[in-house]
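In the two complexes that follow, chain A is the common piece, with chain B as its partner first and chain C second.
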Partner chain A sequence: MSDRKLPRLLQTPAVVLLLIWMLVPLSLTLYFSFIRYVLNNLRRPEWTTPSFSNWRGFGNYEFVLNSKDFLFAIQNSLLIVGSILFLTVILGVLIAVMINRAFPGQGIVRVLLISPFFVMPAVNAVLWINMILDPVLGLQGLAVNGINDLIASLQGAPGIGWFFSLWPDVAPISFRATQTSAYAVIIMVTWQWTPFAVLIFMTSLQSEDQQQKEAAVLDGAGALSQFRFLTLPHLARPIAIVVMIQAIFHLSLYAEIEIVSRGNGNKNLPYLIGEFANNNIGAASATGIFAVILANIVAIFLLRMIGKTLME
Partner chain B sequence: MAIVATSTKFSIYGRPVLAWIVGLIFFFPIFWLVLTSFKTDADAVKPEFLIFFTPTLDNYLNMTENYDYWRFATNSVITSVFATVFALAVGIPCAYAMAFNPSRATKDVLMWMLSTKMLPAAAVLYPMTFLTKSLGLFDTHFMVIVVLMLINLPIVVWMLFTYFKEIPKDIIEAGQMDGVNTWGEVKEILIPLAWGGIASTALLCFIFCWNEAYWTVRLTTTEAATLSKLIEGNRAPEGLFFGRLSAVSAAAVGPIIVLGWFCQKQLVQGLTFGAVK
Partner chain C sequence: MGRIVLENVTKSFGDAQVIPPLDLAIEDGEFAVFVGPSGCGKSTLLRLIAGLEETTSGKIQIDGEDATQVPPSKRGLAMVFQSYALYPHMTVRKNIAFPLRMAKMDQAEIDKKVEGAAKILNLVDYLEQKPGQLSGGQRQRVAIGRAIVREPAAFLFDEPLSNLDAALRVGMRLEISELHNRLNTTMIYVTHDQVEAMTMADKIVVLRAGNIEQVGSPLDLYHTPRNVFVAGFIGSPKMNIIDGPEAEKLGATSIGFRPEHTDVSTTEGKWKGRVGVAEHLGSDTFIHVHDTGLADMITVRIAGDIAVTHGDDIYLTPQMDKLHKFGADGLRMA
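Let's look at the complex of A and B:
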C-alpha cells in the first residue's frame, strides 16, 4: 500500500464520525431556526411538521431577541461564567503557589484538593443545595441557628448583654429563591473547578525557572515582587487557557441550574433553549445558533493558543 | 543558599498548615456526604446528631429498594465502558496515523476535531431528540454509547496523539525495515510502548462518560438511564431523604473519585490538549 493512502484510511472513521456528529444536528438546527415549527398548535396544525413551506426567515431570531428572557439569559450566563472564572483563577493561583513547594503531606493535600473535580454535576448540585446550603436543614441553617442561640444567650450576660441585644437575628439565605439561585450555582461550580485551576497552575509552576528565581532573591527581591514579576508572567498562558476552557464548559451549564431552581430566576442560554424546546422549536433553534456564535468567539482564541504549541 | 534566604517562619510552618486547612475545606463537602450516608433519614436532619450518631449501613443496603440503584449503575457501567472502548478503537488508528505520518493537513484536522468539542450541546438539543426518536433509538444504550463516544472522541485522539508523538520514530522505522506490517507495528511496537498513555486516556474517557449529565439526562427516560439521571430525578427531597440520597450519591461518585486520584497528571494533558506542560 502506498505511503499516503494508509494513514488517510486510518483517520477516516474518526473524521467521518465527527463530521456527521457536527454537521447533521447543526444543519437541522439551522434549518429549524428559519421555519415556523412548534410541537403543539391546534389552530395551525401545519406548523407542527417541519417544512420549507413554513419559512419564516429571520422571524425566529427577531422573536428570540425581543423576548425578555433572552436578554436575561445572556446576562445571567455572563454573570455565572464571569464570577466562576474570577473566583477559580484567583483561588487557583493562590492555592497553587501555596502548595507548590514540598511540605509534609503534600501528596495527601493534593488528593484532597483534586477530589471535587471528579464529582458528577448532579451529585454536586444535590449535595450543596440540600445538605449544605438549605436554609433550615442544611449546614447553613444549623450554623445560623447556632449563631442566633449564641447571641440570645449572650444577651442575658451581665455587663456585655446590652451590646448583644443591639444585634439583629441572623436570617438564613434561601438559595433556591429567585435572586439567589445563581449564587448557589456559582458556589458549587467554583468548588468543583478550583481544583482544575490548581492542578493546571501547579503543573505549570513546576516548569518555572528556578535559577531565575534564585537570581532574583540574590538581587534582594522579596516574595511579593517575585510573585508579581516572575510567577504571574509565567502563569499568564495557563491562566488564559484555564479561562477559555472553563468558559466553554460553563457556557453550557445545565444540570446544576435544573437541580437548584429549575431555572427559576436563573436561566442561562442552554436552559432557555430547553424551555423553548418544550414547544417552540423554531425559537429554540434560533437561540441555539446564538449559543453557537457565543461559544465560537471564545473557541477561536483558545484554538489559536493551542495551535501554537501543537507541533512543537 | 538562596532558598534559605526566603525561608521565613511563615513558609516553614504557616504555609503547610494553611495548605492542609484549604485541602480539608475543599474535601469537606465530600466527607459530609459520606458521613450523612451513614445516618438514618430521621437522624440526618437533627442537629443533635450532627457529628455523633449511631452509624447504620441501611442506606446502602436498601439502595435497590429505594432507588433501584444497581440498574442505573449497570447502565452507567455499560455505556461508559463501551463508549470508551469504541472511542479507543476509532481513536488509536487515527492518532497513530497523525503522529507517525503527519501531513500538512494534520494540524488542521486536529484543530477541527477540537472545535467540535466546543459546540454547545444545547444548540442541537431538539435535532438530536428528533433524530433519535425518528430512528427509534431514544432511550437505548446504543444511542447513549454513540453520543458519549462522539463527545469524547476529540479528547481521546488528542491525548493519544500527544503520547504517540513522544515515541521515537526510529523505533517504528526499524520495525518497518524488518518487514513488520502496519498491524504488526501497532501490536508489537506501538501498544507496548504507549501502554501507559492508552490506559490513562481510557481512564479519563471513562470518567468523563460516567459524569456526563446533559445527553444522558435528555436522551433517556428509563431503559438506558444512567446515574446522572437517577440523581437528577431525585433532586429535591426537602430534607426527607438526606440519608438515603447521600448513600446513593456517595455510591455514584466514590469509585470515580478514587479512579481520578490515579490520573491527576493525565487530566492536565487531557483537558488542556497538551497546551500546558
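Let's look at the complex of A and C:
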C-alpha cells in the first residue's frame, strides 16, 4: 500500500480544497438555520451575532413553513423550472434537427442561434420586459395597437365590415401584473437557454450513425419513424444532460424575477431566501436547506422520468 | 423472386464518373459476389441497387419492373451492413422486428416471425439483450435476422464479415452459404476478399475502377481468366505473371502460371532460382523463389512437404497445358 502514498499525497490539496469549498458554506448554513440570527434587532441585540447560546432548534424551519409565501414559492419554482425545461428541450430538439443539414448561410445562422446565450441574465430581463413585453412601449404594445387599428379600419369596409365589428378590441397583456410575471420570466429564460440545448443536441446529432439511418430507410422507416426510433433515443443522454444542468441553473433564478416584478406574485425559493436575508439570516438559511432538498428531489424525479421514456 | 438486371447504369459524383456504363444480370436465387480492390466501385454498385444512391443514368430492373426511381423501402431488398447498423437502444427482438413494425404488421405475426428467424440464426437466448452486449458474430447474425424477416426479393451484403476475426469469418461464411441454400433467395455480396468470393459465389463479378472485368462462376474465373487483372486477383497465392523474353518465346506479351501448377525439383527443371522464404502449412508448402531472372519473385505451391531451406537452389517447370497467355492489350489469348 505504501506505493499509493505519493499519489494520495498529491491529490490531497485538491480534495481538501473541494471539501472546504463545499462543506464550509453548507455547515454554516446548517448552523445558522438552527439559531436565532438577525442582522438588526434593537430589543434583542444578542441575536445579531451568531452563537450557540441563541439556539432555536427547528424554530426557523417552523417559521419558514408557516410563512405565507413558502408553499407558493415552491410551487412557483417548480412551475418556472418545469416550463422552461419543457420548452427548451422541445424547441432545442426541433431547431437542432432543422439546422443539422447543409444549407447556405449555415455558419451565420448557427452563430445567431447561439448568441442569446451570451446575453447577461439581468440585461436579458431588462430587454424583454421593457422593449418586447411592455404593454405600451414594447413590441407587444405596438403589435396590439397595430392589430386594433387594422380591425378598426376593416370594420368600415363594405361587405366584410359586419364580420370584423363582431371582434372585440385586443387588450395587451401586462407582464408585470402579479399573475403573469412568472410567464414573462419563463419566456425570457426560454429564449436565453434554448441555444444551449440546441448546441448540445446539434453536437450529438452530428455523431449519429448514418448507416443506422440507411438501414432504417431500407426497413421502411419514414422520416418521422426515423426521428422517433433512432434520433430521439440517440438524444436521450444529451437531453438528460440539458435537463440536469438547466434544472440546477433555473432553480436559482433571481435576476429575472427581481427585474420583472420585484417578486410581486412571482417568488421562487431563492427570491424568498433573498427576502428573508434582508434581516432574518436564520430563516433564510432554513429556506436554503429546503431549497437543497427540493433541488435533489427534482433532479432524481427528472432523471427517472427521462430514463424511462427515452431509453426504452 | 429476385432477378435483378442493370442496363447501362452509370453513377457520377460531381464530375467524377465512378461507374461507367455497366450491364449486368443477376438471376433469381443466384449468389452473386462483387469483388475487387478497394475503391473499385463495388459498394457503390450495391448501394445503387439498394436505392441508397441515385443512378445518374441507366435502368435498374427488379423482377422485370423498372425500379430506378422506386424509393429504397419499396424495392423489397434487405441489406446487411459492414458495421451491422443495429439500433443500439433496442433489444435484439426489437431490432429484428423493426421492419415488420414499420410495415404495420400484426403483433402476433411479428412475434412468430422473429422467433422463427431467431431459431434459424441461433439467437433465441439473446432476444432480450441489447446489441452492445453481443459479440461481433452475434451482432452480424442479428443484422441478418433483421433482413430475413422481411422475406426480401434479394439480400444485399456490404462486406459483412470484414469486422470479424479470421476464425469467426470462416464460420459466418459457411452460415451465410447455408442460409442461401435454405432460403434460395437472390443474394448479392460485396467483398474485397477473393477467398470469400471463391467459396460462396455462384457468380463472381470482378470489378476494377467501376468496370466489370469478368463475370463467371468461380472455376471459370480460376481456369480461364479473361485478362491479366482477373488472373492476378483470383486465386491464392496469386498467379505468377511474367513479361519479357520467356513470354515472347510463346508468342505472348505476358504469361501466367499458378503456384500450384508448377513442378518443383531440387535437381533439374526449366528455370533455376534460389529459395527465399518457405512457408510450411503442413498440407502445403509455399516457396517464394528469387533470382530466376523472370520476375522479382515466383511463388510455387507444393502439396505436402519438401526439404529446402533459405538459399537453396531450386528448379521450376510450369505445367504447359495450364499456362495462361495474354496479349499486348492484357486480354487472354485463345
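Everything below uses one rule, namely that the second predicted complex is superposed on the first by the 277 of 312 C-alpha atoms of A that agree within 3 Å, B and C clash if a C-alpha of one lies under 4 Å from a C-alpha of the other, contacts with A are read in each partner's own complex, and residues count from 1 in each chain.
To be clear about the criterion, a residue touches a chain if its C-beta (ideal position, glycine included) is under 8 Å from a C-beta of that chain, and two chains touch if they have at least 3 such contacts.
All values reported here derive from a predicted model rather than from experimental measurement.
Of the two partner chains placed around the shared chain by superposition, chain B is the only one that A:Pro270 touches, whereas chain C remains out of contact. Set against each other, chain B and chain C differ in how many residues of chain A they touch, and the higher count belongs to B.
When the two structures are aligned on the shared chain, A:Ile151 is found in touch with neither chain B nor chain C.
When the two structures are aligned on the shared chain, A:Asp219 is found in touch with chain C, with no touch to chain B. After overlaying the two complexes on the shared chain, residue contacts for A:Ala236 are found with chain C alone; chain B is out of touch. Of the two partner chains, chain B is the only one that A:Leu112 touches; chain C does not reach it. Once chain A of one complex is fitted onto chain A of the other, the partner contacts of A:Val38 are absent, as it touches neither chain B nor chain C.
Once the two complexes are laid over each other on the shared chain, residue contacts for A:Asp209 go to chain C alone; chain B is not touched. Using the contact criterion defined above for the overlaid structures, shared-chain residue A:Ile245 touches chain B, although it does not reach chain C. Judged by the touch definition given at the top, the superposed model places A:Ile74 against neither chain B nor chain C.
On chain A, the surface patch touched by chain B in one complex and by chain C in the other comprises residues 214, 217-218, 311. For chain B in complex with chain A, the touching residues are 2-3, 5-6, 8, 11, 15-16, 18-20, 22-24, 26-27, 29-30, 32-33, 36, 45, 47, 50, 90-91, 93-94, 96-98, 100-101, 103, 107, 109-111, 113-131, 150, 153-154, 157, 182, 207, 210-211, 213-214, 217, 227-228, 231-232, 234-237, 239, 242, 245-246, 249, 252-253, 256-257, 259-261, 264-265, 267-268, 271-277. Note for the complex: chain A touches chain B at residues 3-4, 6-8, 10-11, 13-15, 17-18, 21-22, 24-26, 28-29, 32, 95, 98-99, 101, 103-106, 108-123, 125-132, 134, 136-137, 139, 142, 145, 191, 194-196, 199-200, 203-204, 207, 213-214, 217-218, 223, 237-238, 241, 245, 248, 251-252, 254-255, 258-259, 269-271, 273-274, 277, 281, 284-285, 288-289, 291-292, 294-296, 298-299, 302-303, 305-307, 309-311.
By the touch criterion given at the top, residues 209, 211-212, 214-221, 225, 229-230, 233-234, 236, 311-312 of chain A touch chain C in their complex. The touching residues of chain C, when paired with chain A in their complex, are 50-52, 72-73, 77-79, 81-83, 85-90, 94, 98-99, 102-103, 146, 150.
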